[in-house]
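Since the structure comes first, as structure tokens, the remarks are kept for the end.
In order of appearance the chains are A, B, C and D, and numbering begins at 1 in each one.
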Amino acid sequence: MSGNTFGKLFTVTTFGESHGAALGCIIDGCPPGLELSAADMQADLDRRKPGTSRHTTQRREADEVRILSGVFEGKTTGTPIGLMIENTDQRSKDYSKISEQFRPAHADYTYMHKYGVRDYRGGGRSSARETAMRVAAGAVARKFLQERLGIRIRGYLSELGPVRAEKLDWDQVHQNPFFCPDADKVPEMEAYMDALRKEGDSIGARINVVAEGVPPGLGEPVFDRLDADLAHALMSINAVKGVEIGAGFGCITQKGTEHRDEMTPEGFLSNHAGGVLGGISSGQPLVASIALKPTSSLRLPGRGIDVHGNPVEVITTGRHDPCVGIRATPIAEAMMAIVLMDHYLRHRGQNGDVSVATPVIGQL
Amino acid sequence: MSGNTFGKLFTVTTFGESHGAALGCIIDGCPPGLELSAADMQADLDRRKPGTSRHTTQRREADEVRILSGVFEGKTTGTPIGLMIENTDQRSKDYSKISEQFRPAHADYTYMHKYGVRDYRGGGRSSARETAMRVAAGAVARKFLQERLGIRIRGYLSELGPVRAEKLDWDQVHQNPFFCPDADKVPEMEAYMDALRKEGDSIGARINVVAEGVPPGLGEPVFDRLDADLAHALMSINAVKGVEIGAGFGCITQKGTEHRDEMTPEGFLSNHAGGVLGGISSGQPLVASIALKPTSSLRLPGRGIDVHGNPVEVITTGRHDPCVGIRATPIAEAMMAIVLMDHYLRHRGQNGDVSVATPVIGQL
Amino acid sequence: MSGNTFGKLFTVTTFGESHGAALGCIIDGCPPGLELSAADMQADLDRRKPGTSRHTTQRREADEVRILSGVFEGKTTGTPIGLMIENTDQRSKDYSKISEQFRPAHADYTYMHKYGVRDYRGGGRSSARETAMRVAAGAVARKFLQERLGIRIRGYLSELGPVRAEKLDWDQVHQNPFFCPDADKVPEMEAYMDALRKEGDSIGARINVVAEGVPPGLGEPVFDRLDADLAHALMSINAVKGVEIGAGFGCITQKGTEHRDEMTPEGFLSNHAGGVLGGISSGQPLVASIALKPTSSLRLPGRGIDVHGNPVEVITTGRHDPCVGIRATPIAEAMMAIVLMDHYLRHRGQNGDVSVATPVIGQL
Amino acid sequence: MSGNTFGKLFTVTTFGESHGAALGCIIDGCPPGLELSAADMQADLDRRKPGTSRHTTQRREADEVRILSGVFEGKTTGTPIGLMIENTDQRSKDYSKISEQFRPAHADYTYMHKYGVRDYRGGGRSSARETAMRVAAGAVARKFLQERLGIRIRGYLSELGPVRAEKLDWDQVHQNPFFCPDADKVPEMEAYMDALRKEGDSIGARINVVAEGVPPGLGEPVFDRLDADLAHALMSINAVKGVEIGAGFGCITQKGTEHRDEMTPEGFLSNHAGGVLGGISSGQPLVASIALKPTSSLRLPGRGIDVHGNPVEVITTGRHDPCVGIRATPIAEAMMAIVLMDHYLRHRGQNGDVSVATPVIGQL
């Protein structure tokens, strides 16, 4: 199967370049009977949208999504859902000068090696602009999971470079431009970003995503474990360099007696597993964390080469996010939603429906 | 597609339980004309095999692999390669007492929720014994990659609980039972494991895997990026809780000027990317790191429940690895080999063959 | 995988309903560097387009295709190609009266059972209007196959109800509205269709499709044989009820000595196999034939039921083709092109490139 | 995905050559809780087995299937089911002389072009011996469909060369070596086959397969229609050259008023559709028919070439079926069972369970 499709039963196939005519996707396998309108997706798209604060790229895209098929009289019909967002604020001339350059840490070099040609306008297909369609598709999955199974998926930025959130207050997450759950750290983040912007540099970040209400039983060992598919989905987001489930890398120094989540008739006593045992959801919250690298597009000169193999000094103008992590929370949520949706359908195919209410532990 | 198949063009489908009759797999899509014998797989299987030191489970399995099809006159024919390893040292009676118990941090509970039944003998399908077939299949991929493309895949254990390797001396890796590349740390590891075994506890570990000689151009954005498929593959290994590519979580606090791997006509000046840009291999070494949780099977009592929802005190007897990470190096190497093989074939399908010699940077 | 994607490496995913906003598709896996413009697809779309003679539906659709991505500076980039055709001549009011009826031989009844809802406007997703995107995608495959491999794919109508073409004159095929290769039969076909239209009835047809210049070696036994995938592709076209390869059903009464295509150093002496042996192309022309049922939408009353289970007399107004076979030639060609393209890429993935010139028989 | 896997949720992956060590398959995605033993498969295997009458090959194979995994305490566990049949009666020396010859109408020539090597012993992978695993896997599907959904799948030989069955008496099918449902025609078939054998020639055949009790709603338009997947499955059987659904090629000369199956509250009035409308099952019997070509392996000399391109006169000794159609009925049944099983699971994944009792028409 092609690399631009994600999922086995709930499949999302996307197209579109940063400066092309449009972005689009086809969602296939969506259960029929789900109420769906563009507004359901727009809310998530607006959370990802560029240009909403001074800390993100100043490109202005309405990111208005249009449903082209698969919905009739306000409900999904079970047939493919075609979605499209027209690009409106391309400024391709910004990129003409880099058409012959390979910028350090960009996909220019590798796309050229792979395909022999590349659409150099704004990164072409490798642009994070592509993630808009992930968010749109994720919104459909999220709506189904919420309405039918009571699953709630939420994320937040837990680290912005050296600044770490120390509290998790979900109500704070949408009160600031960083998706930061710790109000006390927001001023620090703002100051950090302002200094960084002046400096012309960029920075990495960490995003955490949590799904609550996941029924036990989702995941397809041995290769398509829930955590493995989730790692696939999250690592496929631009700039992601690491994925953790539950205790993640912390488990290296944990002893078995510490790591194992003991069980009582009232429930699990901890969640180091992050909601997955043996690749299958346990009914506990599904917890993942990702690391995003700093943006590579910088106005500070860096050493690169051109297509002829000559050294060049690269300065990237254009409009860019100094921290791609800032807008990544809705994208990570969307990918988790798509994974859960796909696994719910796969599970139902083989095993019949899950019990909607999370079973009391031990009550099979 | 089913959860027990990995890959799109070079596909590996496995079966088998810890205490069943046999483990097996079918490799489909292997290029014809590769010289192949059981011995080619046996070397890697022996590296993974239990019972080779006092630090691993004392179960004795010859793990002798048999080629049932797909090889004729010593060469692959392009048709499916059937492989089988018969189980010989099952002691299923060890497990009868846990048939009604859910052990903490085991897959017992989730398999039961998913399927409504479970083969409780030795963990059934969720046992790490399943990874033997990954190693066998990985050996086929590795041989092709080495012979045809000059790709070399090697791994090592970099952390065993609190003990970290500080040197990377590849020659050391096979001189000790831990796959540790730092000879000076081996005595410390031995002492740590001896104490742990006495204590009855277990510990986590970190494994690093590196592929050198990977041609640029492998990877299928936007969803099947090389790093995303690799994350999928590595996270699908039992006990893995985290995956990093290149700088991994370290990139959170890196600035863009530090993280970006600058390029000169002579090559890249660093490898924070871990050999992947935009989801496509760059020609630099592909570098991944994984965290493995401590074994859950402990003789130290833990709180669990039984199938009726009653609290039970669980003590796991049977034979287990106190650190699953110790035997995980060949498994991680195998999964990386399978991913690279699959992506090589996928790339060749769409784009034609790669240049076998890694192109000098900039020389397209 | 979802049911709206065809292919493994060259994948075509479509969306769109008869009376929805638009039809679209995503072609993923297309090799880079192919010159491509909308005009390349328009020629085939125009051949399929309704309303070009009095013998087809009078719905007027420009069927203008727009390339939304995947093409840069006139060439494919290897990234997904997004295509869209806006619907312009919907007259949905024609259908309101059948919203509660199940018409005999239509998909109304089965879509309702499957999904519990249906878009009843013009057949919704089950309309043959969906095939426009197959033709667009097929044109891309056809162009690649022609330019890079010299493969030529052509079809014709060989039977229109009781009227059979007796000569195969390729030059005639595009000289008449039926794609009939026998000029002498065209007046008979016209008279037959005129009478049929007056009568209010419809009729079946047979289409033959041939690919010349197919290199030997394409096809993936044992399940994805070239003929099996072709049967899948052709049977997936609306109204198709039978598929034959080569001698087809004629082989039932053939003896082995008659059926076997003997070989000499100069070539095969016959082509009863239709270009496929053991599921793999032989280098001879690939020959398939399909049967299309008569249109079900008739103004002659038929017995149906309504959604409440009551008997109804169904009369279908709206605009329909009295013989769907008449416009099916370009669709069958498109599906054959997509199958060959996909198999060419799959073959190249596993085995490396084919020899472009069909090898002289026996010269391996 | 690889060509040796069939299905999306209920997947069957096979391996094995005619004269290799063993045949095997992995069934993945089988629902848990199905009672299953080797005996359940053996009955169907015995029906396909060679050497049971003088009209089939005299090769003696016990075809004893062994379950290697996926079944615990007599029930499927939901994990992969590994199956194996050891080859016992290979006489590979029969084939040494044809190692350098391409026999007319065999896969020798095309396998060699595809892979550059071939296992020439008994046709290697292209041998119909491979179908044993289809029958074994089909038996699992068939058992589930019968027990859980009340679906009954049966086939028969309707034409053996010029001899046609004129009656359909299901009780007769297993009373004769031909699977012929018309007792009156059996002597004619025996005489025909005896003469043919003396002559040294072979003959084609037609097999019909019917599934009763199929719930409405199965099938995944637009590409994975139930009939399209069935055509794929049936055409993938060795020697099949044509597939018909319902009226098949007969629909070419049918008028719409004749072909359309009218509906009343009591049910459909005919079944020209063969149980599929718009690619989705209608609840009527699913009816398919296939044409099988005459065996190519003949002792009557035929013109072929050798690997050097020289003309050779080919005489095939070894042991062969003079009419492959005779043993094909269980194979066609098996493939229909696998298709229905896979579609049942796919449907359940997206839409939830079907109503087990076929709904009274119109009663949604």
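Observations on the structure shown:
By definition in this document, a contact is a pair of C-beta atoms (placed from the backbone, for glycine too) under 8 Å apart; a residue touches a chain by one contact, two chains touch by 3 or more.
These figures come from a predicted structure and were not determined experimentally.
Between the contact lists of subunit A and subunit D, the overlap consists of B, C.
With every chain reduced to the mean of its CA atoms, the largest distance from subunit A is reached by D. One finds 38 Å separating the Cα centroids of subunit B and subunit D. A separation of 26 Å divides the Cα centre of subunit A from that of subunit B.
The distance from the centre of subunit B to the centre of subunit C, each centre being the mean of the chain's C-alpha atoms, comes to 45 Å. In subunit A, the residues that touch at least two other chains are 1-5, 8-9, 14, 29, 32, 78-79, 114-116, 125, 221, 346, 351. Within the complex formed with subunit D, the subunit A residues making contact are 1, 8-9, 29-32, 78-79, 221, 345-346, 348-353.
Note for the complex: subunit D touches subunit B at residues 1-5, 7-9, 11, 13-17, 20-26, 28-29, 32-33, 66-70, 72-73, 75, 77-82, 84, 114-119, 121, 124-125. Those residues of subunit A that touch subunit B in the complex are listed here as 1-6, 8, 14, 102, 104-107, 109-116, 125-126, 130, 159, 161-162, 196, 201-206, 216-225, 227-236, 238, 241-265, 269, 272-274, 276-283, 291-296, 298, 300, 302-311, 322, 346-347, 351, 359-364.
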